[in-house]
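In this document, chain identifiers A, B, C and D correspond to the written order of the chains, with residue numbering beginning at 1 in each.
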Amino acid sequence: MQTATRVTQRTATAASGNTVSILAFGGDISSASKDAVLGAYHGLNEAASHVLLDFTGVDYINSSGIAIVIQMLLEAGKAGTQAIGIFGLSAHFQKVFTMVGINKYAAMHKDEATALAAV
Amino acid sequence: MRNGSSVQVRLPSELGFEKVAMSTAASMASLMGFTEDRIEDLKTAVAEACINAIEHGNQMNSGLTVGVVLSTSEDRLEVKVIDDGAGVRAAPHAPDIDRKMHGDEDPRGMGMFLIQALVDEAEWYKGPPGKSFVRLVIRLDKENE
Amino acid sequence: MRNGSSVQVRLPSELGFEKVAMSTAASMASLMGFTEDRIEDLKTAVAEACINAIEHGNQMNSGLTVGVVLSTSEDRLEVKVIDDGAGVRAAPHAPDIDRKMHGDEDPRGMGMFLIQALVDEAEWYKGPPGKSFVRLVIRLDKENE
Amino acid sequence: MQTATRVTQRTATAASGNTVSILAFGGDISSASKDAVLGAYHGLNEAASHVLLDFTGVDYINSSGIAIVIQMLLEAGKAGTQAIGIFGLSAHFQKVFTMVGINKYAAMHKDEATALAAV
């Protein structure tokens, strides 16, 4: 009964002129999403120094899904070279992500325009 | 709505069915006049409670079901999520994001914390088999806090 | 989703609670991949079946509950709405709007007709007390008809 | 557990220049709505020859609610002088209203603009 996670990758140019890799998620982000989410992250060009996670198309996130996002941030932190931002979360999930402290390790933006302006 | 009206749901011990409980709880809360914000809080808390009942309480055993009992009263909605496990006594602990980010803490382990943070009351009861449950409450008078 | 997974709901015999059953059914149908259109059809059919169970089957007796059993299989969602009444044997009849507009037919009496018109299968079973039910089915392969 | 029916009344001018009375419903239209719906209808000026029923704000309609709409149409038909139109129904409820034959006695329009253009 779990719904598949969709991930698409695109690039955009930030206000700063930097190239940004955007991972856009769709469907559910749950315990079943590990391969889809981390696989897409591992598939990014290693030179990608700015990454944005787009949650606009996500229907459902639970704490196991949030744990996968934390694991991605942990890997990005180890690499030491990547800044990761987040946008497209509902007000409720912005609150939930902040409750667990994710905002300490990933800047949270309202939408893509705001996120690209801040990179 | 009569005071004390209650709705009972039985779900299979299969991940994904927590979404059915979320919808049922959202619909009850909406009929009671809770705001969208509080309904979102309740949905996440109910989902996490059902996931724990499915995964930890019933250990995904397809022969067992998860019970969800939603009881209304004038100023509150109470939700009990019941499983066939031995229950939890440990209190939820706040996730330490720094420890998680350094690999010193499991990235998981946030469900009970979120439940407690999102509702007005959350209590875990260890019972005999089939009688362990978590009891959540949201109150109408807490809407504006 | 496992074939044959089922969700059970018990509602109080109080008008308004049909909306809780609508949400539960909509959520199951959405998880199964039904389109929005079909989900709207199912919601109306489930609401009308619950209203009949509350009003006619259980006659608004607050000591009785309405059972809703939602069972999934690969290509269909079956919903049984069970009450404590004696059931119906009469087949639903199409409303005659001309007769209604001339006061020759009760303006009501459209619930069973709508149920049958909106789902792929609808059958009413007269049972012993507590065992009368209507059984509705929507099929995934009928999506594009 | 039934939700209250809200009814507000306003007037508008149709493309034809006719004055139209609009009854806008909100909340639920169910067996509990009889007094609200028929009361609002009886409160209309008897000279109102064009009436539009606005369902845009309605969250839920069931067959008992539809029966009340039919009863209103029956009364309007008896008076013999009123044309009643309907707008703001979802595609699903346009289908349901058509299934029970209401479209024979009340023109159904998509939205207010279309309804006012047709009066």
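In this section, a contact is a pair of C-beta atoms (placed from the backbone, for glycine too) under 8 Å apart; a residue touches a chain by one contact, two chains touch by 3 or more.
None of these values were measured; they are calculated from a predicted model.
Chemist: Which pair, C-D or A-C, has more C-beta contacts?
Modeler: C-D
Chemist: As a quick test, compute the distance in whole Å between the mean CA positions of chain B and chain C.
Modeler: Comparing mean C-alpha positions, chain C is 28 Å from chain B.
Chemist: Report the inter-chain centroid distance for chain A and chain D in whole angstrom, where each centroid is the mean of the CA atoms.
Modeler: Chain centres of chain A and chain D, defined by C-alpha means, are spaced 47 Å apart.
Chemist: Would you kindly tell me how far, in whole Å, the mean C-alpha position of chain C lies from that of chain A?
Modeler: 42
Chemist: Quick check on chain C: which residues sit in contact with 2+ other chains?
Modeler: Residue numbers touching two or more other chains: 1-2, 5, 14, 16-17, 19, 31.
Chemist: Can you list the residues of chain D that touch 2 or more other chains?
Modeler: Answer for chain D, listing residues that touch two or more other chains: 1, 3.
Chemist: How are the chains arranged in terms of who touches whom: line, ring, star, complete or other?
Modeler: Its topology fits none of the listed shapes; call it other.
Chemist: Would you mind giving me the full set of chain pairs in touch?
Modeler: A-B, A-C, B-C, B-D, C-D
Chemist: Using the touch definition from the top, list the residues of chain B that touch chain A in their complex.
Modeler: These residues of chain B touch chain A: 14-19, 37, 40-41, 44, 47-48, 51, 95-98, 100-103, 106-111, 113-114, 117-118.
Chemist: So in the complex, the part of chain C that touches chain A is made up of which residues?
Modeler: 1-2, 5, 31
Chemist: Help me check something: in the complex, which residues belonging to chain B touch chain C?
Modeler: Interface residues on the chain B side: 1-2, 5-12, 14, 16-17, 19-20, 22-24, 26-28, 31, 62.
Chemist: Where on chain D is chain C touching in the complex?
Modeler: 1-3, 30-32, 60, 62-64, 66-68, 70-71, 73-74, 77, 90-92, 96, 99-102, 104-105
Chemist: Quick one: which bits of chain D touch chain B in the complex? Just the residue numbers, please.
Modeler: 1, 3
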